[in-house]
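The first chain written gets the first letter, and so on, giving A, B, C, D and E; residue counts start at 1 in each chain.
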């Protein structure tokens, strides 16, 4: 029994000393400083954040000019964080007129990036979101009622301009306008990426051009049809009686 | 320095004209002794927290606090000095001042070393809401931190800092230390009970059980020293440890045979437990009891508990130094130190004691960040089944040594301390005193190892011993 | 080692441990009926993190569920991804028309990342256990090692925790440039660091004595209570799905299975908390060995670097529009033991039922059985030794 | 302590009150003890942030297990309906001044569980006022530190002695351009059986 | 250690409980259909028979068959027992149909203690009552939660204790419809 006691005490002391040797090793290494130090701290705010690799998923951004509004991302997204509108431009190609990503919902899973056929969606390594640094990537909180509101380029400019001023110094009209468009307590954190891709004039022009094209196409089709009808000698079968079933 | 005692007397006499005499004496003692001591011990204890965080960081491969420098307090001072200038000018002046190269360097280093951290922590605690929970016993809850501070502070009164720097010279100062440090028990119990929280209550209970148990090995360890030195006066114990010659450290108690060395270990371990340090921090075991007895404390009151803990750590360090490591004596060439002018000698002695305390203090931190925590029953088992038997064994050994030694001989006079009788040990018994118990211990350990063997092979593989 | 509670049931103190308690690994709540320091009875209360992932499985399409598997067990998301993907592949294989063949390189990468993630998961497990027992430093050293794994994963797939890397039919990306050398270098230094870790805490007598003889579960009990993985092996049952029901290329690898052998010697018993802890450490060693073996097996990358894994992802997503009708139960060995997916498909693009059986759930079921007559301080050690991760219990 | 009102008061600019306030705010800023409160995935990243690589101790942040001693609650992870009242209780147990960081998509808005889940609270801001939202799923520890730095900006403007500031919420690691005071939800949260206890 | 085939196991079970039916799922996975009343006896037999020795309950879960393309359609709740034998290394799947309205199944918690939690979970999420269970109460959802969420006809709550469940702007309030593509 005494031997067991002695063994326990001695082993206890020895193992504690072993532990202290291990920590002492770290202690000395790190107190000595850079040489041989095992401290792996990155002093983030002072030093820039580490960019580990190109695949890093810091933030989701959409390169709006390349987006064709195919909704592939929308379909692939498990959380439905996209809100997008598309418009046809002069060449009858789809372009994003609005592409919002609710960053408060986004789970950075990358499924949309994999689904994107034009590679317009991508994950950036940067995770800091600074609305003041990049106007094309702008974050607002909005309430659900405001989600449906459409902001055009001048609106966004106005939003950005007013953003840098303290609220107290704003005119009442401006303040009201803002309250109408964003809500700091709103649940949706919306990154407005492709905002205002069309100015109203551009949109009008594009619509007009597309309309003209469509009309021309229809006219051509009608002409072709008429020609074909004229060419076909036997008259078509009699139409079914009106009303379908008696 | 009897001068200080005179100062107390003079002040008391001067004050005695007005208020009643006891009040004057109290006031005088407060002014001359307590205030400076408070001003010395508590900032050091607060600084100990930063030290601890830095050490923990180094052990854990981190950097530790390095963003809070002294610029905050400095700006306050600046604003106070330039209070008549408009704010912008103050700012400009401050920026210009901070841009001076030496100031900038100093601020940079203060930040790197985290010097401002404990200022910031203290300031924050000051501004923190002082919560007394609804279910708490208000008076007990509020009073407990003060009591803890008092308990941690009182033992310092009898500690000899230098030959001439003892606040209270009594014949029974060792007993005084043991008695007053027991106040902390009450404080912790009050905190635990008064909080009206089950975790606090459990923490308080644990604290009481642990502290009361560990008073026993501590008492036995002190008793061993008292037995060896033949006095209960801490200052006399320090004087007893004086040895002539270059290597003054040969006279220290710790060199007086393996039993006193063992007692040092017992005292140190029990001291760790007394100040609730890991591995004995069951009373505030974070992963078990949320925060133990101080779960409900916020702000400054919590800060007081933390301060009390660090003060007590310092105290244990100082006691280890005083009882076993020659107190304020220098390890080599002590007799030359006595030839210096009194003020210089006092200063050096205080610094030496501080250094010894610091070493023990650092050791406690090192242990804290290395070892896991004991369980309740293990703590008790350690106290009663390991430390107490070891202490008793040492006491027995010391007693036998004293018997075997051929009576007593007149020791050395040390400074203003008179010579005291000491056990008559010539070199051969001294050598035997070391060799015989150590040999016995080695034999016992080898036998135990042979009987119970080593670890499981898998564990050896894990630690790389097998390879 | 159990202690009898002497106070009668009516006079005991009821302690609410959690849902916010520093040692309950998240939001586990355990109602402890204690007689002073002794636990007389404890009742776990779950569901504080019940996120209805199984319901979500019935709502989202087959590939869209993969990110959710990350969140079933975020400590080892790769293994969780793998479990689901293997199950879906097994389901697809029931019809030759929809069978998906995973390219060999992808299989190797899967095993590689699964084993790396097992390492990092066990690091959390053992580190957290050490922290619960009061040693904070080993936990942070474990975290430091985990950072290295995270770095590798972040380079590989861009995320540090919820990877969404293993996909149905393969993996999302090929290994990044220099990955093999990087992983090999990591493994080397990791082994050295683990030795220091073990010297610091595993062989520490205080730690050992706190875990030895604590919450002993013998083999029959472990099986009956449905313990799996390291908890089961800690009780001495020699069973590992990687070896005994191998999936992927585990069949080609020589998986050695450590099991509990009363590592604490005369202080402990087989199946105590210390055994479970040490088995995890031994599994870390085994995973290191497996990683090295896989690196040897790894076939060269395909010619087209952008499309390295057979280029059948588009095809797979087409297949996943119409998954054959039927049910499948596939279990894989995650760090917390068997992760069994019971998947029912009604032939559509959305699963009809996704059931995920996890190791922590049954381990948590065992709590009220083993947490009786132990000390209050041991409650956290027991939780740590079973290595429960709360979302795995609650899902 | 009384304080003169009025924006243009020169006395305010010079008197020590502001200086002391500034000093107190400096202390708070550099000593944000955070509540050790982690529910899900983000909790692991929170641990990693406290770990050697990111080391928030550097910024004077140490974890506290009890809400009484914490200044900052980092809501890391999914909050379910069952848990939400506990979060509220914890928040109520913290002493003033206190701050809340919502970490990750789940705490911000329910994130991946906002659409199909029946049991997840869609955003912790329904229960406690949030100062900083950190996006990410989970956010990198660096992103968390980024959010904490934004919070420190906010703490710097906290006035202990003078008038309390009416700062807007902070969004995504940076302050919202415009904001109102944080509005507390009605304290209807059932007390449950002790959130922390 | 001799692993038995599915047919052998089925035969052994049928000798205890003749009503046990056998079915092969479309992907070739065999089930044993056990009448609800007999499941505890069958379970005991499966565990205790030395040739079978199903000592482990791998999983116990349920499927709501309400929208499953069965012909004819049925709305039962199928409780599924996945058994494994560590001794013999063989597996079997039991399926029990419990009628939707009064779904009660005998508990197997006395046979495999692991079932305590599994059955509580199935009770919580599917509303299947396990008779003879020692502590049958909700395990994941709060005690005052309405309904059993994993049933296919479960209605999402509008709020819980006054806190709205749905984000403003979310519109659905019923169980999500089956996506197209299902038959």
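To be clear about the criterion, a contact is a pair of C-beta atoms (placed from the backbone, for glycine too) under 8 Å apart; a residue touches a chain by one contact, two chains touch by 3 or more.
Note that the structure is a prediction, hence the values are computed from the model and not measured.
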* **Both-way neighbours, i.e. chains that touch chain C and touch chain B** => A, D
* **Of A-C and D-E, pair with higher C-beta contact tally** => A-C
* Asked: Looking at CA centres, what chain is most distant from chain B?
  -> E
* Geometric centre distance via CA averages, chain D-chain C, whole Å -> 32
* Asked: Which whole number of Å gives the spacing of the CA centres of chain A and chain E?
  -> 41
* Express in whole angstrom the distance between the two chain centres, defined as the mean CA positions of chain A and chain B. => 58
* Asked: Per the centroid of Cα atoms for each chain, what is the distance between chain B and chain D, given in Å?
  -> 37
* Structure fact -> Expected list for chain E, residues touching two or more other chains, is 140-142, 149, 167, 176
* To do: Spell out, as numbers or ranges, the residues of chain D touching 2 or more other chains.
  => 51-53, 55, 58-59, 65, 82, 109-110, 112, 114-116, 118-119, 122-123, 137, 140, 196-197
* Among the residues of chain C, which ones contact at least 2 other chains? -> 15, 21-22, 47, 50, 52, 55-56, 59-60, 67-68, 70, 137, 140-141, 144, 147, 162, 199-201, 203-204, 206
* To do: Can you check the complex and tell me which residues of chain C touch chain A?
  => 56, 60, 63-68, 70, 137, 144, 147, 151, 154-159, 162, 164, 172-173, 176, 196, 199-201, 203-206, 208, 313
* **chain C-touching residues of chain D, taken from the complex the two chains share** => 36-41, 43-45, 47-48, 51-53, 65, 77-78, 80, 82-83, 86, 90, 112-113, 115-120, 137-138, 140, 193-197
* Over in the complex, which chain B residues touch chain C? Could you list them? => 56, 59-62, 198-199, 202, 205-206, 278-279, 281-282, 285-290, 369-378, 452, 455-456, 458-459, 461-464
* Tell me, which parts of chain D touch chain B in their complex? -> 10, 13-16, 18-20, 22-24, 26-31, 51-52, 55, 57-60, 62, 64-66, 68-69, 71, 95-97, 160, 196-197
* **Footprint of chain D on chain C - complex, ascending** => 15-16, 19-22, 26-27, 47-52, 55-56, 59-60, 67-68, 70-71, 74-75, 124, 140-141, 143-144, 146-147, 150, 160-162, 390-391
